[in-house]
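Contents: one structure, followed by commentary.
Note that the chains are named A, B, C, D, E and F in the order they appear, and that numbering of residues resets to 1 at the start of each chain.
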């Protein structure tokens, strides 16, 4: 039985309309989401190039919500300061790209930001054993990072549960976020497994409905978990 | 004496307001510019991460002007198709990142696009000797690529002239574009040296004046060259 | 007590005579082996360059046995389709080269092939915890990959046993293959520890005896395990 | 007017049948070719993985012709000794992969082998200005390296001529080899431009005719140049 | 309760005065330390470049103490022989840089030297599960490698204890060394947690006191643990 | 006929005794040399690891002579500030490692230091055509960088002459330095070809004679050029 933490919705702008990004972000804010995620891809760690500090700045000017910069890039140590200056509140790096994970977590904190670490679907949670107590957030990828609109990988549910258990046992106050394939069907599953922050891309920005309607649909799906 | 080619203005969105990108692009189109340039940086070839195919798509939906994707990335061969599909009309790669420059030029053309090659300030033009006849555009960088708002490097003027001379002598129909530090003071210099396409970033998008006014100012500067 | 799975012999052509490869492969097929393994090395992940898709094609034309392509290469994601088209039935990548292991397993399956993951001697089996249920085969290296004719590393036996235990406990139908230093002395050891597919290179192709005699010798060694 | 050097034919085994490589090589030897070329690709410098020292050894055992190892690999310095030991007589590295080109030429010569340098279609010949007097062979690629069966790039003809002129002016005894798209139509062109060694892949090994017939066809095409 | 192993002090010359290195090393030897550590950094694995085999040779000529070469470099396999020849007695590589950790341990032993493996603060000890029985030394980094004078990370204490427990349970004779932020306050903590070799840099070489006095101070701090 | 510039001797400490570096540097200063060179190698650009900023600091404290840091490293842009802070007066990077050569020259000058560019033996001088007017020094390598004690490559003499001619024609005040195999036999040759700064390693530090005697011997050899 999971502790009664509040569940937060975190729209990812990866699926938003970039010709009117400010508007899209404000729509999410008005719909009452908790944070905004910005998916930074460098075409090296993942097979896509997306956006960088300039986009973080543009989002920063458009909302007062906390911003997460999810760095799907190799050598993220060279860009922590740029994303901090651009206005990110939480900076998330991938365990798979950081042999010096402890140093980069220090670097993020010295920049005055919250530090998160993301794990690919195939990376076991105990790779974080010695760093977990210093983290503000762990992001369990529930798809392979690189593109919006992918299908949720159900094999990640036991992994979410395993991490929640460790956080509970070690009494750590660390957000457990999930990202990938989150919609009204999968959201209840990941929350039951132990996630408390849910990134949603195409479920929020999809062109078929308003952002408000999309957020409301996700909220209702979570109401009875 | 340079042939009387028409001079084209190519605003770079690197300095635009990304919260209302569609609008910014339409302002440039209405001001009568010839093309739009999209500065793609991967944080590996250059020390900045900017934008990728998603932004090209958003610009594509906002204008009918020709779009140039300037790929300041390593291993660009992995991304030609993505930028072609996203709607770029001209794809520009850097000589410094392409040991197989001939293959990538073929790849761009097979994708049905115009092929350009960019040269850093320190890269001599004769590095293009054996590929020049196949190119639609050469981009001479007049600053070190990576950031908007840098100062024009005057040492690049003889290099522009040297390339113009080669194009004339070999009777090649290839655009000679310059990028970096272009404003009303430097624009006449590069045109006199031989450039016929001028990328302008902060001279067009600067928050001090309307895009229309900025473009008009650049045009006047060029009127008597 | 290990489940009574049939033990399969998988000759590796790394030690075969490449001037008459078709013949060498047919000799193995006639000797009744289960599969053929093709050792692909790129000179980057391992300190040797061996062979690629062209050799897989040549082997494919020479036998109807299932073919395993063991990719000892970095960035294997760029070559999955080439090896699938060339005729490999099982494609094995190394955990150490795949930060996005889940994606490449999906990629192999989407190409219609069986997916295997190899582990170097020093890589613990629980690195596969979150991907194991999706695999068709795990290959435990019993030498350091790179060359034929190396000596079996006995420290890998408890590791084989540990993986077999996990497969049994989680009721997973996944082949447990070993590769390196397998001969009539070590074959019984790895089978007792839990392996069910045994790659053999110089024990099968050695120039001292016929392939048929070599295979028979290995079979007898396994008869009483 | 080019000096009356004898023209040599160098079949590349890239297009041969690898299931009976020894036989294919002997067919070429019997047809009277001058050398055999072995195309080594590592999947990093070029987008294909082909073969390594083991194949050189197999070819070595099958013929007494001189063997050329054309190393289309990054960091070739790690593999010079392996290819020398395997039986290559000429070792060719790419200018594009060797910032320390002078050292690797020394390394090849210290291994007792002839040293060649290959240039991609887009690499100008004067990149070899300071090393030319030490080379036994320059290989001008007339297609982008990576695959057999590509079409000849006519833009390379002036480049061949430019190199021939330099060799003549500087009175250097250095083979000028070409590789890519060589057949009965292009062979006379490259010879007239100044090449004296012609690598031929699919023109020699093509499954439509015997190796002897293919070689004879190429010879006739060259008879009247 | 930890087994009564003798505690060894290992000054790192990273903080020594390099203009009189021989003298500084002799001062440490006279103060009765057990070994000398040489911190090799390549500017790639860690953000600093320090020293290489030439410095090991100079230290070798200055003392008869055992020398440890701590290789904070990528691709250490290319430098094992150089450091062995230069006079290192123990060669320590990082787990994070060695996908083929087992091979490099063999390589160190074949060079006649003791083999150690270092772990960054964020790397869990069970990454060494399958290699531990072959090691002479494990080095637990208690700061992020790269610079002298950093502050001890207390989160590493449970990790030291976890490794000591494994060594005891598996009855392995393997040194457990710690490096980073060791001084009279932290030395007792790491010894109680299970370390038996303590690297000390700025605590030994600090310009405020003689090496003898510094060593004596550390010894006193350890006297009552 | 070369302009009557004064010839400067620049001992490289690569061949010095590192156990008493301060002393060795002072001996050179007393012998009247013009500068000291510090050979920084990272084991990536060249096959040796030597020294970094800490050694520059130690040399800085030992002499008031100008110090040159010769960076034989990849990605030198990350280390310019460290070498400037450590006390280097001239910072030399390799053309072969700097696709953004112009930026790094700016970076060196912004750090208040003189900027030099080194060329490997096989790199033609016109690769510097567009940057030459901004340089304080060009270093022509007369051996392949990596080790002390190598033999002078005579093929570099015409290259030195070619660069001297360009400097003269373009009236540039830029030092022309040579490095590698310089001794009393080769020193007159490089000076006649146009060099004005001569790096000497084992000719100055060789253990057979005093530094003063070695320097005197080189001076005499130069007296009548």
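Going forward, a contact is a pair of C-beta atoms (placed from the backbone, for glycine too) under 8 Å apart; a residue touches a chain by one contact, two chains touch by 3 or more.
Nothing here was measured: the structure is a model prediction, and the numbers come from that model.
Undergrad: Using the contact definition given at the top, which chains are in touch with both chain B and chain E?
TA: Joint contacts, listed by label: A, F.
Undergrad: Which chains contact both chain A and chain F?
TA: The shared contacts of chain A and chain F, listed by label, come to B, E.
Undergrad: Do chain C and chain D, two copies of one chain sequence, contact each other through the same residue numbers, with over half in common, or through different ones?
TA: same
Undergrad: Using the average of all C-alpha atoms in each chain as its centre, how far is it in Å between chain E and chain F?
TA: 35
Undergrad: Could you please state the distance in Å, as a whole number, between where the Cα atoms of chain A are centred and where those of chain D are centred?
TA: 52
Undergrad: On chain D, where are the residues touching two or more other chains?
TA: As it turns out, chain D has residues touching two or more other chains at 47, 126.
Undergrad: Show me, using the given definition of touch, all chain pairs that touch one another.
TA: A-B, A-C, A-E, B-D, B-F, C-D, C-E, D-F, E-F
Undergrad: Considering only the defined contacts, which chain C positions touch chain A in the complex?
TA: 77, 98-103, 105-106, 126-131, 133-134
Undergrad: Taking the complex as given, what residues does chain E use to touch chain F?
TA: So the residues of chain E touching chain F come out as 14, 17-23, 25, 40-44, 47-55, 57-59, 61-62, 73-75, 78-79, 82.
Undergrad: Quick check: in the complex, which residue numbers of chain D touch chain B?
TA: By the definition above, chain D touches chain B via 45-47, 94, 96-97, 120-124, 126, 144-146, 153, 155-156, 159.
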